[in-house]
């Protein structure tokens, strides 16, 4: 008898989540607006000295990206949890980590990718060294998927809790530290004229590690949360 | 040997046995702790010579370093319990994991505070973004996450499974975090930090340090047994053996 | 070494003794809180059991 | 014929309360189990344990003689679960929702339009679920049963918000499923009559 294969299921789920995101465009824009607003606040707080701003631009952009991605995490599983679709995913004959990966990928496409697109504009406003633009985009490209992957574990652990949001940041932010360190450092060394190969390859390593391990942890956490 | 281990494991795995054994062992452990800690303190505060660079202030090492060691050791114990919980769903592992978290957090807290108290005379400031202090601070956040998550879930069996997953994720991440912070620090560190790194340590300084480390280990077992006894009683309040226990 | 020298710790007394003191306090609290919790809980359970057995006795007396 | 779905010494504890203890069940193809009991007696917990969503305190659930935690995908291929939540997304159309059900790796016996016709929703295929009534949503959730060919149907109050006509429709669907060698485990506050079927009853309040 005909049945859909695992890869078909993966693409189907990915497409479905993108479709749902497109039908809720207002929600889609929230993390992006947050990202822009946080970055706008920095010059207001530390002063508009162009030298200072261009020196801390990489750090500001990354801290803001980190907070924006954390803010959007809850939407990975929230609506599926509330309407019972998550239950059905757990009862699927396909391995749950693969389905989780599809959902996290969709989440990254709607929350991480826009950051990538708007980052050059913000970097320009903060006066980041123009040589560092390329590497800034590369770190966002390599780093934000790791944030979504790690974050999905935290969301899966707290999805059933009435006040999961506060505890989620406590669980997830410490785990974000390595990504932040290497991303900010990559941009910094490139601004000072050195190559950032070491930092970028570390970030690539983090990405592969997160890709292979975190869906398994997320799947286990979802099973726990649903019981 | 293996058979002995399995029976021992099973006996420790049953809450009533653990409760009784822990109760019986506690006085002995406490005595042992008092003896080791007195020996360690005497050796560290009186017998050990002052450090040629740091003078008497180096004696903070006798609480700072054992506390830092314990903070990492306890997290590893928790992750090990986490695996036992997920694979065998063992009740005692749940209790050990949940009771270890506050103890580990307090050791981490101690390592941080004593570290900064040591830093004031050495660096001239209470806090520098030194690699060890920074990763210890992140470790404290990880502990607080475990405690917070365990407290937030009402059904304690479900809560135990949640923190089991979290501590396994954490233990995979700790080396990565530690490495990143070390690496980050090597780019930014000031010159004074290297004062800590000494090629060798006087044997009269080392022995008290090891004694204090042993004392802290024993203390961990004592505190864990104490907390586990309370937790067992609370969890098993409806069971037969607790009823027998509290019969007038 | 005199006693006052020992307590002075070469001028680092504040840092050394506050470290040791704080460690002592935290370790003591960590031991004492569960100890008290255990004792209170045991007492509570014993009381409940006592009440239960008395009530049983009363109803037994009443029925006989 | 041997039993397809069995439980051995199932015990369920929730918030320190023993819901049931030492529960042994055996269901052969063509049998339906009606789980009864007052609120909070553990009906939903039992159904969720049977699907593997919840873990029992002790005991195990067997599928074709093997524990469901070991069987994995081969078991989930054969299970359809309808819980309190419909498991339907409001912002998708009926057809999109059913396609997702089929994507979950279970065999597909019929076309989606046929399935919609069976639950009288053919006209609503391209409508968003948000525009449907509660009863229509429930019917769409129940259409999940026919778009995949699973032999074990586990349903928690399937008749909630359904009108009389729909209830009759689904009872007939259940009878067909049983006649084809399927198994049903369900709870229901409504009296259901299936005179031609092999009905077992389990009262958890007792």
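A, B, C and D are the chain letters, set down in written order, and residue numbers restart from 1 in every chain.
Methods note: a contact is a pair of C-beta atoms (placed from the backbone, for glycine too) under 8 Å apart; a residue touches a chain by one contact, two chains touch by 3 or more.
Since this is a predicted model, take the numbers as computed values, not measurements.
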Pair of chains joined by more contacts [C-beta pairs], B-C or A-B: B-C
Farthest chain relative to subunit C (centres taken as mean CA coordinates): D
Length of the line joining the C-alpha centres of subunit A and subunit B, rounded to whole Å: 32
Centroid distance [mean C-alpha coordinates] between subunit D and subunit C, Å: 52
Mean-CA-position distance for subunit C and subunit B (Å): 20
Distance between chain centroids, defined by C-alpha means - subunit A, subunit C (Å): 45
In subunit C, residues with contacts to at least two other chains: none
Sequence positions of subunit B contacting 2 or more other chains: 237
Touching two or more other chains - residue numbers and ranges from subunit A: 227
Subunit C-facing residues of subunit B, complex: 41, 45-46, 50, 55-57, 59-60, 62-64, 67, 99, 102-103, 106, 109-110, 113-114, 117-118, 120-121, 219, 222-223, 226-227, 229-230, 233-234, 237, 242-243, 245-248
Subunit D to subunit A touching residues, read off their complex: 48, 51-55, 73-74, 76-77, 79, 81, 83-92, 96, 99-109, 149
Interface residues, subunit B side, partner subunit A - complex: 86, 138, 141-142, 144-145, 148-149, 152-153, 158, 161-162, 165-166, 168-170, 172-173, 176-177, 179-181, 183-184, 187
Residues on subunit A engaged by subunit B in the complex (per definition of touch): 153, 157-158, 160-161, 163-164, 167, 170-171, 173-175, 177-178, 181-182, 185, 206, 209, 213, 217, 220-221, 224-225, 227
Residues of subunit A defined as touching subunit D within the complex: 1-4, 6, 8-9, 12-13, 16, 19-20, 23-24, 79, 82-85, 87-95, 223, 226-227
